[in-house]
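Chain nomenclature is as follows: A, B, C and D, assigned in order of appearance, with residue numbering initiated at 1 for each chain independently.
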Amino acid sequence: MTYAREMLDSHPGTVAVDADALVECIEACFDCAESCSACADACLGEEEVSQLRRCITMCLNCSDVCAMTGRVVSRQTEFEPAMARAALQGCAEACRLCAEECETHAQEMNMEHCRVCAEACRRCERACSDALSAVGA
Amino acid sequence: MTYAREMLDSHPGTVAVDADALVECIEACFDCAESCSACADACLGEEEVSQLRRCITMCLNCSDVCAMTGRVVSRQTEFEPAMARAALQGCAEACRLCAEECETHAQEMNMEHCRVCAEACRRCERACSDALSAVGA
Amino acid sequence: MTYAREMLDSHPGTVAVDADALVECIEACFDCAESCSACADACLGEEEVSQLRRCITMCLNCSDVCAMTGRVVSRQTEFEPAMARAALQGCAEACRLCAEECETHAQEMNMEHCRVCAEACRRCERACSDALSAVGA
Amino acid sequence: MTYAREMLDSHPGTVAVDADALVECIEACFDCAESCSACADACLGEEEVSQLRRCITMCLNCSDVCAMTGRVVSRQTEFEPAMARAALQGCAEACRLCAEECETHAQEMNMEHCRVCAEACRRCERACSDALSAVGA
């Protein structure tokens, strides 16, 4: 059992949205924040760094957005659907943009860190969309 | 002259959006991230903390969203309008929600830190809307 | 296999410190950032919130420190031992302080979210100490 | 008057350390978080990006450390000197390392964004040292 599940199960209040969707979303956000920060660093270390500027920027942006979203949706004491929706929509979009960029380099430049990062981004994009449905659009 | 203006003026590339709107947005985001984090702490220190749960949550959320947005819009090397729009829309919404909450406590409970924080939030809401227009919706 | 391990294995450069210690540290930092943010929110939702002010503050601080440290130590392209040491020392201290506070409430007030959070903090404190040894003090 | 000063003056509790040193430290941290994030982006946009890998890494690290420190020291409700010291020491070190790196590029490569960023780092290094004295080592 992960911390996100345990923390949610021990919350004193009523959790406002479907717990499974929420747990998956929180974990996907923190994992993606980690992967994107690491992928920006790995891209910076590549010999072809000058061809990876857009990838580094997308990864830094996506890492910041995911870290923010993971925190916002895990705050359940005074859950505000309008706030959650804004965060989740932005995060799904950031993950989509970053995944597209990383997938290009995974395929064309055979970069394994971009392949792993794209996987983390696609999972997070899906988890944010599912959480968005759970919150109610 | 502020750092945000100097950093933008010395950027090696072409800045993708109106510089005045961008500088004001970057500064408003970092200032609001600071004010909201401080207001959450001040609310926590009030005797009536149990009546301020929603305010603390809105402030923590808004601080996280503003810190993220300030970074995303200041990245100009590979500026992606879709990413900027998602961040700015979410930030304007977070600032509006937090301002409304803080304004209530400024008026009804006479809380000066909420009055100052609401001012920072309204300024940032406006700056994000203006930057959004500059990016093109 | 976790993303942290896969990202490290696919890094283009030489990883500067023991990979096992590094992976455990990165994962512990991101997990603890998540747990501490959630525990601050859960404490805020408790009826006895006025007795939990110190716990909320320690959790917010620890979450910020862990999020920062997880990113700093995962940057391996231009790894700077002095920077890593400063981050790891601060993080071990933040985790120790937060764990002590949460352990008190887990025991005296029977708060399950504090018990889980203390566990995440102690794991992260240990992982930072081990990573510190791996970097070389 | 800045928000940091107004927020501190309206805090319901007693501020634990010298207010002037604290306000300067909070503002310097948020300004430096902003400048370092912008300098990493500007360096990424330079033609000689492959010579600026260390500068980009130091800037990303310093931005994360400053953002964390600005929040930690602004939390005055349950101020914990040991936590403040750990954050301030780490931040002074991060700022020193980043300033040294940026100063090199300001001089040798005539990079204006590195000159501005080094200035923000040196100011923040000094503000953290002064706040550290105010907290008591």
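Operating definition for what follows: a residue touches a chain if its C-beta (ideal position, glycine included) is under 8 Å from a C-beta of that chain, and two chains touch if they have at least 3 such contacts.
This one's a predicted model, so the numbers in the text were calculated from it and none came from an experiment.
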{"item": "Equivalent interface positions on chain A and chain D, same or different at half", "value": "same"}
{"item": "Per Cα centroids, the chain farthest from chain B", "value": "C"}
{"item": "For chain C paired with chain D, centre-to-centre distance based on mean C-alpha positions, whole Å", "value": "21"}
{"item": "Chain A and chain D, separation of their C-alpha mean positions in angstrom", "value": "27"}
{"item": "Shared interface positions of chain A, touching two or more other chains", "value": "41, 44-45, 53, 56-57, 60, 67, 71, 75, 77"}
{"item": "Arrangement of touching chains [line / ring / star / complete / other]", "value": "complete"}
{"item": "Complex contacts: residues of chain C adjacent to chain B", "value": "40-41, 44-45, 47, 49-50, 53, 56-57, 60"}
{"item": "Contacting residues of chain D [partner chain C, same complex]", "value": "53-54, 56-58, 60-61, 64-65, 67-68, 71-72, 75, 77-78, 80, 82-83, 86-87, 89-90, 93-94, 97"}
{"item": "List of chain C residues in touch with chain A within their complex", "value": "3-4, 6-13, 26-27, 30-31, 33-35, 37-39, 41-42, 44-47, 63, 67, 70-71, 74-77, 111-113, 116-117, 120"}
